[in-house]
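Consider the two complexes below, in which chain A is the common component and chain B and chain C are the respective partners.
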Partner chain A sequence: MLEIVRQQMICILVPGWDGTTDLSESGSVCNALDALFEEVEVVQFASIALLPARVDAKDSRPSLMLELAIEEGITPYDMLYRLVYHASGAMWSLYSSFWPGDATALQSERNNKLLEKLMAGVSIADGGFIGARDRTARQIKKEQELLQWTRDQARAMKATKQYGDDRAAFALALAQRAFDEPRFDWALDPAPRSYWRGKGAGILAKVGYVLAIFVLYLAAVWLVGAVPRGVLGIYTWLFGAPYSGVQAVVDAVCKASGWVLGVSIRGALALVGLGYLAWLFLVALPAVSKSWRRWLKSVGRELDRPTETWSSWSTYWVGWIVGVPSVVAVVAFALVFIFCPGTIVGAYHALTAKFLGWQIIAFIILAIVALICVVGVLSRIDQQLAAGNWFFHPYEDDVPRAQQVYTSIDYCEGLVVHETAHMISLTDVRRPNGWNAWWIRTSLRIVTLFGRVFFTEGRLGSAPGIHFGHWHIIEEGRRYLFCSNYDGSFGGYLDDFINGATIGTTLAWRWTTLKPRESAAIGQPAVEAPRSFPPTRFIVFRGVRCELKFKSYARDSMLPHMFRFDARKETVDQINLATGLRDALFGERNDSNDDLIMRAIES
Partner chain B sequence: MKISAGTPDAMPPGLRRLFYGIFCWANRHPGALRVFGAVLRRWPFVGGWLGMAARANAVKAVLTRPNSFSNRAHAPNLSAGDYLIGMDPGPTYNTDRRLLDDRLAVLKATLPAAADTAVQIQVQALKPYGNKPFDLIDDYLMWIVFHAMYPLFGAATDRVAAGATGNLNDLGLQRQYLLEIRYVAGQLLSGSSATLRIQRRAELCADALRARIADVNGDIQGAWGVNGPVNVISRNAVGLAWISHPVTVQSGALAVQELLGRPKVHRVLRAEARRLGTDAVWQDTAFRDLVRNHVLELMRFRPIFPLLARDVPRDTEFETGARHNATCPAGGKMAIWSIAAMFDSDVKKDVSQFCPARKWGNDEDLRWLMFGYGTRQCPAMVYAVDILTSALIGLLTRPGELQLARGEGQAIAYDGALMSRMRVRFT
Partner chain C sequence: MKAQAPHLAKQFGDIQGMLRSGYGWLKSSRFLLLTIREGQEEAARAWLAKLVESGVIASAHDVGKSRTHPIERAAAIAFSFLGLTKLGCMETKEHPFPTPFRSGMGSDVRALLLRDNPREWRWSDVDGAACGPVHVLIAEWTPKDAGPLISDVDEAVFCVIRVENDPCSFQKINGEKEEKLIEAFGFRDGLAQPVIQRLRQDDGVGLSEARTEAGSLYDDRVVSAGEFILGYRNEYDELTYCPNVEGWTQSGRAIHPGGRFALNGSYLAVRQIEQDVEAFDAFRAANGQGICEKLMGRQANGLPLGWTSNPKKPTSDSKADAFRYRVEDANGFICPKGAHVRRVNPRDTLGVDVQSSIRSTKLHRLLRRGRPYREQSNGKTHKGIFFIACNADIERQFEFVQQRWVRKPGFVNLHADDPLVGSSDPKTFPKALSMPGLPSGEEVSLASFTTTLGGGYFFLPGIAALNFIVGNESASKSPGSEVAEAAAS
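This part shows the complex of A and B:
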């Protein structure tokens, strides 16, 4: 399920770039690539950049990176095959310097060589998010035409003053005009939606899907035990008992199947229990208890606090002393319940043998009272120690640094100021590489899953404006590449992440560092001194909340692009608006659709 | 034509793959389809409930009502654009059909001699392999069919295969073209059940094919000697390119697969070929008829399209063979079990037996049912069988017995519903 998302964002890294190909904006190679991507029609964004080599790399020459954001369902091989074997030979013109003096070879032979080389360098995204999804570049273009046409028509109709304030009549007349326009026949079909944006958009469908998979899994595990048992039973009934060896094997299979079945069901129950506890403490209690809500908010604020204060310091350490052991205890209990439920039953029998029922109840009540008292005291402390108190003052000042943006990065941002903005960031994975790369990968898969299943309407968390954002772990887990195509400016974009997807962003970046590196070419940025990602608390807190440090870190990790292709040329909001207008104009007439039409023509 | 290329998958993750897996499995195991078809024939009312025609009479009746059971069912799977197979009768259909008949008439003059020549060249090319394995599809059938069908595009064939700017002698470019059209045709075979990856690959290849044909439209127009509008030439050239070659190659591979599963039949044919000698096999009309009958029988047992779909544009009924007609609501679909109809024992008692020499008498049309029936029957079926007959004769002329090359991975590899590789060797 995630691979289909990850395959939409690929980077092709070819090391050993010697820089002999002219990649200037008006050069023949860039023009040929533009024409190629235009004609192929399934590439939505593309860029080329040079990745500087690591200081300890054998080959000090940079790698040529081609970033492709493509439409859903196309595998990297099929995409590259289409690009490489295109009659224009544009891809060969880009990469021909890797085979100097090979211009006379047969076209098919050199295409085969090129495809092989590119496939060796393909990196599909380890994680990614797509904002306005389920739309092809062709569809976006056609829907924008429809939007523009509708606005023009609406303007003309308004000028006649025939409809006054009657929105419904106005929308109906507009829809009729659209129906009569033969060039919009394609819009009679509703805009296509993938499962998680269509039938699977509701929470019931999502829960139902998980349950259906789980039940099928249980049925399969049960069948593994039941089928041999049934066959053996029939055989025994027909021909008598089989060899003892056969009986032993069947018994072992049945036992294993039963064990897996039990563990799976208890595991699911434990997950439901943990989910319930999380809901109770993080959703239900804050809703009913003001002091709990305030306390919870204050804990979050202290853990996220970018500066070091006594309050954040103490919250952090209390978290270690109380929070972590409690979580570990709950998880350990869940594991014991899953794998050795007999231990819990035994402990319960031992407890009831030693204490009477009223004593156990009294103990539980005492524990709850104690918990309430602790929360009360903490809440009181929070209220008493108002802002301005020394307890909340930073004891270690954040050190802001005057950020110098490299000229070539500034220049690249200037080039796309009226288009979709673009960012390439290259960092190093902290040591130990394998361990941290594993964590990054896991975090990215979670982000991708949530993006695919829950954040289906163009926002990641509450961060808007992302077209294609993708992360790659490259060079055998040594480096970390992030490419993003987004709306707006760099500062605003990072602000959206910092405030809208704090946890996800911290999770995605916290395992990285920035080691010194040479520039990839003249005019490209180098990293002079090592940098670190801002410190985090409990993996997901703080991190990107250290706004200046994070932005400065991100800036220093950036690389300029040398080529850029944008097939969308519209913001995510604009794309969503046009698709909504299509469905509203050609859908049934109701207040909601009329509203959408009016919004579309007036925005 | 596929209305909106790149449509995302609206099915829950995993479900499409499951359905497609079942579909492909059934395609690869025609025996299973025949068993299910027998059930539908025995109790035709079940087919009526499910909208499936299985008895020979029912299938023929449905196929002779193109207005009630529309070929538009194929249209969403024509990734390269509209073509005859997915059109309803009408002016466009008639124009395109005339154009196609003209093209096929050229083949009438050249076949089977052109196919024989192509086979002999390819058989020579196989000699260096000795008893080493080779790919029946990529090293044999693909090229034979390409050369035998050369007159379809006439002088423009090489330009179509190499592209507007490619070197005409670059075999790699020709191979790329043949792969391109294979995947476009594969979408017709897979249908809407195909996974997103298969559909998108077909769309990419279809885009490439359209661009290729657009670049050489002038050459094609010259070779065909037609002065029609550019879009008509393009539509027909694209359609003709992707449907003619790959379907014939796949049919040939399936026929050989079926033959290799019948060693006795294979041995008898080889013995006859050996008796006649390497040169005489090409001249002897009785032997050619014998092989042709075998090809048809092999294709009956392993047809490339065991099932066909039809759209139901308006409310109608069809005769299932049960006491009552089955109703077909407008907007629905109809499944035609031609594989079941070809084995209808009510028509011929011994029809379940492999018998190339069977006298079909008035039921000859049943023998060709894998090519459809009525006015929408494949117009090139005779030529396809001619080419495959030559290809099979070529294999029979080689010393040694053709066998699947087992022991080095799977001899037959599938790419969804398509057979992508068939490694064989002469032992």
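This part shows the complex of A and C:
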């Protein structure tokens, strides 16, 4: 399932760019690429940028990166085949400088070489998110035409003043006109929806899917033990006892199967238990206890606080002294429960032998009351200290060269201010590369899964306006590439991430750093001084909350695009609006649809 | 632990007064845009030093001295990036000025980012038709009918553009005793200002009174000091970035030990916006006052469009500003979503819920200190607003508001520019505004009501930094600065 999403966003990296091809905006190569992407129809977004080489790389020439965001269900090979073998030869004109003096070769021969080279450089996204999921460029185009037509019709109808103040009658009249317009016959069919936005949208379907997979897994594990035992039983019944070695192997397999089954079930139960505890402490208790709520909020605030204060510092260390051991104890208990349940049963028997039931219950109640009292006292201390101010007063934190934007990046943003904005960020994976790359991949798979299954309405967390956002771990886990096109300005985009997808963004970036590097070409940014990703606390806190550091880090890691193709320039909201209008105009007449039509025509 | 960040309350003497007050009681205002002529840098510095020494530059401390006897005159000085460079202030490599300020509002890239094309500006911080880039902005506030505070500008040293006061800008409305600020189209201006946390602003209303009248919505307008004053905590709870210039640290002038040059300063986004009063009056005659108010997003007397109490009964500004959109007017039936006031400050319109929306809006607030102006040319009177917005992060505040809210046709899924300050280019988007509250969401066609004549980004320094810029040796060094000086040497 994740492969489908990841394949939609690919980057082709070809090292050794010598810079002899003219990539100017109005040059023949860019024009040819524009025409090519337009004609193949399935490319939704494309860009070209130069990735500067690492300082320790053998070849100091930059890599040419071609970013492609394409429709669902097309493999990278199919996509590249379609592009490379296109009659226009646009791809060859882009890459021909890698084979200097080879212009006379046979076209098929050239294309074979080119496809092979491009496939060697393909990097499918390690994680990604698509805002306007389940919409093709052609669909978006048609729906925008419908939206524009509806707005023009509405303007003309308003001028006639026939409809008084009856919004329903106005909406009905618009719907009738749209229905009578033959060129919108395609809209009679409801807009296609992805499974997770359509039938699978309910929480039952999403939970049921996970449960079904888990049950199937359990069944498979059980069968691994049951089938040999059954076969052995039938064999014994038919032919008598087999060799003792066979019996031993079957016994071992059965035992292993039973052990895995037990561990899996207890693991699931432990997960449920841990989930329950998380719900109890993070949702239920804050809902019923004001002190708890206030305390929890203040802990979160202090751990996230970007400036150094006594309050933040002490919360962090109390977290280490109290919080971490508590969490470790709970996790250790869960692990013992999963792998050595007998230990817990033994300890329970020992406990019941020593204490009566009511004593155990009283102890648990006392522990909870004590915990609530401690939290209440901490909350009270928190308020008292707040009145004194010194406890919360910040200490200086130097962020050198903040709020700086390289000229070519600034121009790139200015030139596309009426379109979707675009960001290419290249950072280095922190050492040890392998370990950190593994963590990044794991985090990205989780983000991709959530983006695919839960965030189906164009928002990642509560961050809106992302068309495509994809991450790639490249160069054997040494570097980290992030490309995204989105609505709005760069600063606003990062603000959305800081406020709307804090944990996800911190998780996706915290394993990276920015090492010095040369510029890829004249006019392109270099990294003169190293920068670190803002420090995090307990993996998910702080990080991107340090706005100044995070934005400076992101800004310094950015590279300008040299070419970009955007099949549609509408915002995610406009795309959703047009799809909604299509369904409202051609769907049943009700207040909700009438309202949507009237909203769509507002200026 | 490192050094403690400055306490705002201890720095009032170093913060220019316009950050604390809009000087509502000083009803006359003038603005001088000065370009230092070639080779006149020393003379310019001397003239500016004399002006600073004369004591007209008010500090936040001066402003807060007495509410019963407020100061009777005030001035402020700010510099463009080229102005600072001209006066010898070179940014340090480690702490340079932010890119938007350095490139200037008048630059081509800013024109693109601010969606300003086409521009036909008379002046800017990057270049100008007659004199070249504006280097220094001086603002002055005096009592009504008082003469100019600064009249002795040496034109051999400076090329001067004067933006004169509009004497009709303060008027009584609804029989109230106090005169209120009215802009050229006849609407009350200067409402809905953010309240800077821990900086009690003194515009005639007591804090507790304002808090009581606004009720639970008072917190919507309280914004961290770092959103407007450099060096303090902002809405992200982070200390705002302070640039530095060569020689500042060694000069020992920092009021706060170790404080950089920009501490206690702010950036001003300035625009001279001419208002076509005739066109607006013609629109009013054709469509009625009600439509004009929908266009603006407020009643002419400053009350919200959804005001349900008796409109003739005097109401405090605090109470009139205590409203939200999402709960009572999510669809814009009362105040259209594209109305000017709703675009520049959408309150809780955006975001997934009210709280996150308010939080997000606070990241983009502007402290407005502009005033109406008037000028006579070719026998005609031209009126407009000399717009000044104080902010600490130009990109996140002024540029964001301009680019993503005011001038974005697709703002909240609409498809038109701002009805008042939007583009006059008919090729871009229709000049029209829907009135969802009227029958069938009636739409009105709009004329072009405003033209921007010039603009620039200016740095409003703290008082100590100001003395450093103008080379004022007589300004005393702070006690703590000697430590910093010793450390630097």
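Methods note: the second predicted complex is superposed on the first by the 578 of 603 C-alpha atoms of A that agree within 3 Å, B and C clash if a C-alpha of one lies under 4 Å from a C-alpha of the other, contacts with A are read in each partner's own complex, and residues count from 1 in each chain.
We adopt the following convention: a residue touches a chain if its C-beta (ideal position, glycine included) is under 8 Å from a C-beta of that chain, and two chains touch if they have at least 3 such contacts.
Since the structure is predicted, the reported quantities are computational estimates derived from the model, not experimental observations.
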Overlay on chain A: chain C relative to chain B, clash or fit: fit
Touching partner for A:R183 - first (chain B), second (chain C), both, neither: neither
First, second, both or neither for A:K297, with chain B first and chain C second: neither
Partner chain(s) touched by A:K255 [first = chain B, second = chain C, both, neither]: neither
Touched partner set for A:R167, first chain B, second chain C, both or neither: second
Superposition-derived comparison: chain B or chain C, residues of chain A touched: C
Superposed model, angle subtended at chain A by chain C and chain B (C-alpha, nearest 10 degrees): 130
Partner chain(s) touched by A:H349 [first = chain B, second = chain C, both, neither]: neither
After fitting on chain A: smallest Cα gap, chain B-chain C, Å: 26
Chain B-touching residues of chain A, taken from the complex the two chains share: 1, 4, 39-42, 71-75, 78-79, 81-82, 85-87, 106-109, 111-112, 133-134, 136, 138-139, 186, 189, 192-195, 198-200, 209, 213
Chain B residues within the chain A interface of the complex: 3-14, 163-167, 170-173, 175-176, 196-197, 199-201, 204-205, 207-208, 211-212, 215
Of chain A, residues touching chain C in the complex: 151, 154-155, 157-158, 163-167, 170, 301, 304-308, 310, 313, 393-397, 399-405, 407, 410-411, 413-415, 417-418, 459, 462, 488-489, 491-492, 495, 498-500, 545-548, 571, 573-574, 577, 595, 598-603
Interfacial residue positions of chain C with respect to chain A in the complex: 1-5, 7, 93-96, 98-100, 103, 108-113, 115, 233-234, 236-241, 258, 331-332, 336-338, 351-352, 356, 359-360, 363, 393, 395-396, 399-400, 403-404, 410, 413-416, 430, 432-434, 436, 438-443
